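See the structures that follow.
The same chain A turns up in both complexes below, where it pairs with chain B and then with chain C.
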Partner chain A sequence: MATTTVAPPLMTEERRSGRRSGGQNLGRPGFAWALPATLFFGFFAIVPLVLVVVLSFTSWSGIGSVEYVGLANWRRLAADPTMTQSLWLSVLLTALGVAVQTPLSLLIGVWAAGHQRNRAVLSAIFFLPLLLSMTAVSVLWRVLLDPNFGVPGQLPGLFGDGNLFGSRTGAIGVLVFVSSWQFIPFHALIYQGAARAVPAVLYQAAEVDGAGRWGQFRHVTLPQLRNAMITSLVLMVVGGLTTFDTVLILTGGGPGTDTTITAYYMYEQAFKSFDFGAGAAIALLLVVVATIISLIVVRVSGYDKMRSTMEGL
Partner chain B sequence: MMTVRSRLARAVAVGAALALALPLAACGGGDSGGDADEIHILVYGDATNKVETQLVETFNKTSKVKAVLDTIPGADYQTKLQTIINTNQAPDIFFNWGGGSITPFVKANLLMPLDDMIAKDPGLKSNFLPSVFNTAVVDGKSYGVPMRGTQPVLLFHNKKVLADAGITPPQTWDELLAAVNTLKGKKITPIALGGGDQWPTQMWYQYLYDRVAGPELFAKALGGDKSAWDSPDSRRALELLRQLKDAGAFGTNFDSVKFTDGGSPALLSSGKAGFELMGSWNYSTHNDANPTFAAKDLGWTAFPSVPGGKGDPRNVVGNTNNFYSVLKKTKHPEAVAEFLKLQYSDEFVKAQLSIGNLPTTTNTDKFLDTATNPAYSKFQFDMVKQAPSFQLSWDQAYPPAATTTIHQAVQQYLNGRMDANGFIKAMQSLQAG
Partner chain C sequence: MTRRRPNWIAGIGAMFWLLLVGLPIYVMVSITVQTRAGYGQNGPISLPDTFTLENYTGAFSEGFGRYFLNTVVVTASVVAIVLLLVPPLAYAIVRSRSRFTSAVFRLFLLGLAVPAQAVVVPIFYLINTAKLYDNLLGVILPTAAFCLPVCALILSGVMRDITSDLYEAMAIDGAAPGRVFWQLVLPLSRGGISTIAVFSALQAWNGFLFPLILTQSESTKVITLGLYNFQTQHGINVPGLLAAVVLSMVPVLLVYLFARRALVQGLMGVGGK
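And now, the complex of A and B:
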């Protein structure tokens, strides 16, 4: 256990494959164990997905008969500026969400992993938003941000005329703020768990090597949180691309179509314009885009290899 | 602080109502098991529900088949209805706006023509004002019985604010512009507008188009003649609206304000705004939230006339009425007929009047004096009776599929994101009813 370097030791290919085959010798549960989850997934994810594919080639208003229309829905979407815009908006909101939430939840999570006084009490308060329903949170913030009777009305110096929901920047800002307010606790929880798991011996070693508080954070904590960070990132990306409730309640996709992200546009086509064919096509597009982005994140970050940060300990 | 508290309480209540309504509606009507002798009645959830509850209780006192009232909160009503109407959870009787709101259901063969019921009890038709009853006639057959009240759009004002500013309620467009300038000078938002809901914005277009061009322009457009939107009259109406907005009539943050969460009504009642163009339900909204204001300081007039306009200044826009329509597959058509008869009973008329609604039964004027505010009810009654034209709201006249496009266009033209050409193009893209 006498580790003298902070960086994990290099692994050779033999060692890695050796570990893999060693793992396989352990008694692994058979396929039967996966059966309930597989059935559940098949019934509630695969079957609906297939139906959505079928529906995207039809025209259906929810009542009456389903009509096959070939590629008409797809052609219309390809020429629809709102559709293209909605994809960019989804990506923008996701990126902003990641940029705001990651540093804050990292700091809170690492702080909450410590043993300071009042830590438990403050953590409990920080994590409260996580317990609230997203719908209730959105309704609450909509009222709190009313330009005349909410917070902006009291702080004209900060908010100007308080037209938060009337401009594109304002509306996007509100969406990023409210989802961050709600989800930072969740990601902080991931980081807290991971930070707790960092062996104390690494910090002791770093201290011996003369690393200060910042040095320890930078050279011990951050590398050790690598996998937690990737987990949190994937959850943020998938969650961000499928955000819906906050948009529905806070902005309704508005002003105009300025916050009509793809998931909301899907809802609008299917349940407001009652064009379930177009809605299904958008849903399918969203599935494809979200899958591609998740795959890229997984590839680039090396999540698929899931290298242990505990090598050599 | 008090207002912040009560708004918070209301927000929580809305959330709770949303959560409750889903399972409620999900239990609705579908009991194909058959042992339940019930008819389910689905209505739009708002302040008028207390009358519906009262009538259901009256009905249940004498009927063997029990009526159950299910409500869906405001904005989600049409969505939820269209989603369940062809399923086992469909109600027996449901609230609607007639016109474009039921045409798709009629075409899908889901609704019961009420002509047989009317043959047995002619009162189901003859007790209602014909112009109103006819809004729910599709292809020559009757599909709805009026319920609730007629909902013309009026220009409401805060009497105290106007008096303090030395303004009398405007009769003409120029007087309105002058009032806007005066109020703006006193740092009061001249006109409250719940632009976040989009449909309140639409009301300004409906009246301006009517005053400038008369009801024919919209009728032509709805009939499929898309050139109507590009006519000089159409452009003139858009120009007047832009002029009003540029004069600062709505302030700058109207797109962040909503009527449905109590934002714009509070602007008017707290004296932070002078006017609000709103449907006649506005009275019961204020009466519910702030009875003292509704009784003392809430004023109303017809929409001002426009110089050189072709439309009769007595013309009205709004929702002609709401209707009860019946699902073809109801198991208890006799009980349904009995329930519908209550919609022209004296009890119904009195209960509606008592909360500020104006029913359109022929016996309504008998009871006008019993209304919670007789002056208000009489004003509306005369206005609707004398109106040469009663334009159904645009988003109700077109089928539901057009709603999003209309709402986005009215919002984007008013806030400047779209120019007149963009608005015209958007309206021309609508599929006619």
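And now, the complex of A and C:
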């Protein structure tokens, strides 16, 4: 065993001597390499995060000076029924989105994971909605579902009175449908990737044990997709709670305030009523709710101590 | 291996989904090649009896040429900023021994959880104070900043896969970090770099919220905002509006055809991890 003084410093166990010799850090980048990106990100993401707290205690109309008003914004929001309703609506839309999207994207993802030629061709079409922006998708469906010039006008009876945007149930249904139409392909891609990574040995073993197609899906595929499912759920929850474009373009928060979810209410208060203090307070509430729900999902699912699906292989 | 019996239920489900995705896209394209009057008579689900490209040329005279150009400028600048900032950052995250760097990594992880909606009010304030309101630069900067966490995570994941033997070999040659970066790290993480380029390009191309709150005039309008305004102002000219929608997806479609892998990875961001 060579002593450290004889052996070239870089050949020694990497972590052991740490910063002591100096030679250890030769050829390693210093903190300066991370500095530009950190400053840039800090200015546009971390500073605003602090600022949103500060602004929530102020009154500002977009022009003129910012005035400290203490808890006024918070008191007003606490007494504002639209605010409370918007939080519930956000949670409701997110829950409906999860309930619709998870089973469908799971099935499509597992189906598309097969290596058959026809599946590859069809998958290319299935994933088309991903190429459109959320704005484009919303505009497209707004046109297709238009009460006067859209499909409901041509197929009366199929859509009730034809005006899907006129009732609370209809408007919520449209929002859930359109976001599902756009995002199921995305989540299906997550499941597809995970399903392809399932070791073939497991299926062979299941087949030997006499498991049919359903048995294999139930006892091999599903447990193996656990981590993919958690990833997909967290993204759905955060995405659902911050839904904005679809509401703005499809329903405008209406009828009345029936689809005014929190992110949209924030936009309305700040950029339409020019009450930026209230907008900041709502935004802060949105961050808190989104963080709490994501933490619950992560905790309940055990993502923080994510178990490897490769155990026992 | 025994040949598996065909899976009928899955087949029927797949056909149903094909209709659900394919039909609206087909209807969209077929509406755009009808005249406005023809569409008015036929409605959305009849077969077109006229063929015209006037909706596409019309979209350009409605200002979409300008919006297209603005979107290209925003997208190119965002990608440039990301490619300038993220590779050195990811290199430092993976290789630096400094305590600050691990703090920085945690900061970016925290940043992953911050939705843009949460900070639009303070960003509006900052951009206003910096006199960048209604200026493309004011859209470019926050858009790029919000691409950084995902890109840093993707690229540092890729760079972590470079084996330490290679670093040690270069260190024995006495290579400074700069040389290691140029000659080892960058060439070996090309795949990850194209992924973050496509990811940030998509974010910029499809971005809506920042342009919505940070610009107002025709000269700074991007495509998504153009679509939104077009819809609210000319609600009746459906073929023209949908032609603009189709035009907005053409560049993404081209990337999809020629660089499918990079696009899918870019779309997935951390989702695919």
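Here is the rule we go by: the second predicted complex is superposed on the first by the 271 of 313 C-alpha atoms of A that agree within 3 Å, B and C clash if a C-alpha of one lies under 4 Å from a C-alpha of the other, contacts with A are read in each partner's own complex, and residues count from 1 in each chain.
Simple rule for what comes next: a contact is a pair of C-beta atoms (placed from the backbone, for glycine too) under 8 Å apart; a residue touches a chain by one contact, two chains touch by 3 or more.
Values in this document were obtained by computation on a predicted structure and should not be read as measured data.
K.L.:
Tell me which partner A:Asn163 touches in the superposition: chain B (first), chain C (second), both or neither.
P.N.:
A:Asn163: touches chain B, not chain C.
K.L.:
Of the partners chain B and chain C, which touch A:Gly254 in the superposed model: first, second, both, neither?
P.N.:
First partner only.
K.L.:
State whether A:Tyr68 touches chain B only (first), chain C only (second), both chains, or neither.
P.N.:
So A:Tyr68 meets neither chain B nor chain C here.
K.L.:
Identify the partner contact of A:Phe274: answer first if only chain B is touched, second if only chain C is, both if each is, neither if none is.
P.N.:
The first partner, chain B, only.
K.L.:
Given the touch rule stated above, what does A:Ile108 touch, chain B (first), chain C (second), both, or neither?
P.N.:
Touch partner of A:Ile108: chain C, not chain B.
K.L.:
Chain A residues in contact: does chain B have more, or chain C?
P.N.:
C
K.L.:
Name the contact category of A:Trp88: first (chain B only), second (chain C only), both, or neither.
P.N.:
A:Trp88 contacts neither chain B nor chain C.
K.L.:
Could you tell me if A:Pro147 is touching chain B, chain C, both of them or neither one (first, second, both, neither)?
P.N.:
Touch status of A:Pro147: first partner only.
K.L.:
What part of chain A is shared between its chain B contacts and its chain C contacts?
P.N.:
Looking at chain A, the two contact sets intersect at 62, 133, 135-136, 139-140, 142-143, 146, 149, 271.
K.L.:
Quick check on the complex: what are the chain A residues that touch chain B?
P.N.:
Chain A reaches chain B through residues 61-64, 133, 135-136, 139-140, 142-143, 145-149, 161-167, 170, 252, 254-258, 268, 271-275.
K.L.:
Within their complex, state which residues of chain B touch chain A.
P.N.:
So the residues of chain B touching chain A come out as 3-4, 7-8, 10-12, 14-15, 18-19, 79, 82-83, 85-86, 104-105, 107-108, 110, 195-196, 198, 251-258, 261, 263, 266-267, 272, 400-404, 408, 411-412, 415, 417-418.
K.L.:
What part of chain C is in contact with chain A in the complex they form?
P.N.:
7, 10, 13-14, 17-18, 20-22, 24-25, 27-28, 31, 40, 43-46, 81, 84-86, 88-89, 91-93, 95-98, 100-101, 104, 107-108, 111, 113-126, 128, 141-142, 144-146, 148-149, 152, 164, 167-168, 170-172, 174-177, 180-181, 205-206, 208-209, 212-213, 224-225, 227-228, 231, 236, 238, 241-242, 245, 248-249, 252-253, 256, 264, 267-268, 271-273
K.L.:
Which of the residues in chain A come into contact with chain C in the complex?
P.N.:
Within the complex, chain A contacts chain C at residues 8, 10-11, 14, 18-19, 24-31, 33-34, 36-38, 40-49, 51-52, 55, 60, 62, 66, 104, 107-108, 111, 119, 122, 125-136, 139-144, 146, 149-151, 153-155, 181, 185-186, 189-190, 193, 213, 231-232, 235, 238, 241-242, 244-245, 248-249, 263, 266-267, 270-271, 276, 279-280, 283-284, 286-287, 290-291, 294.
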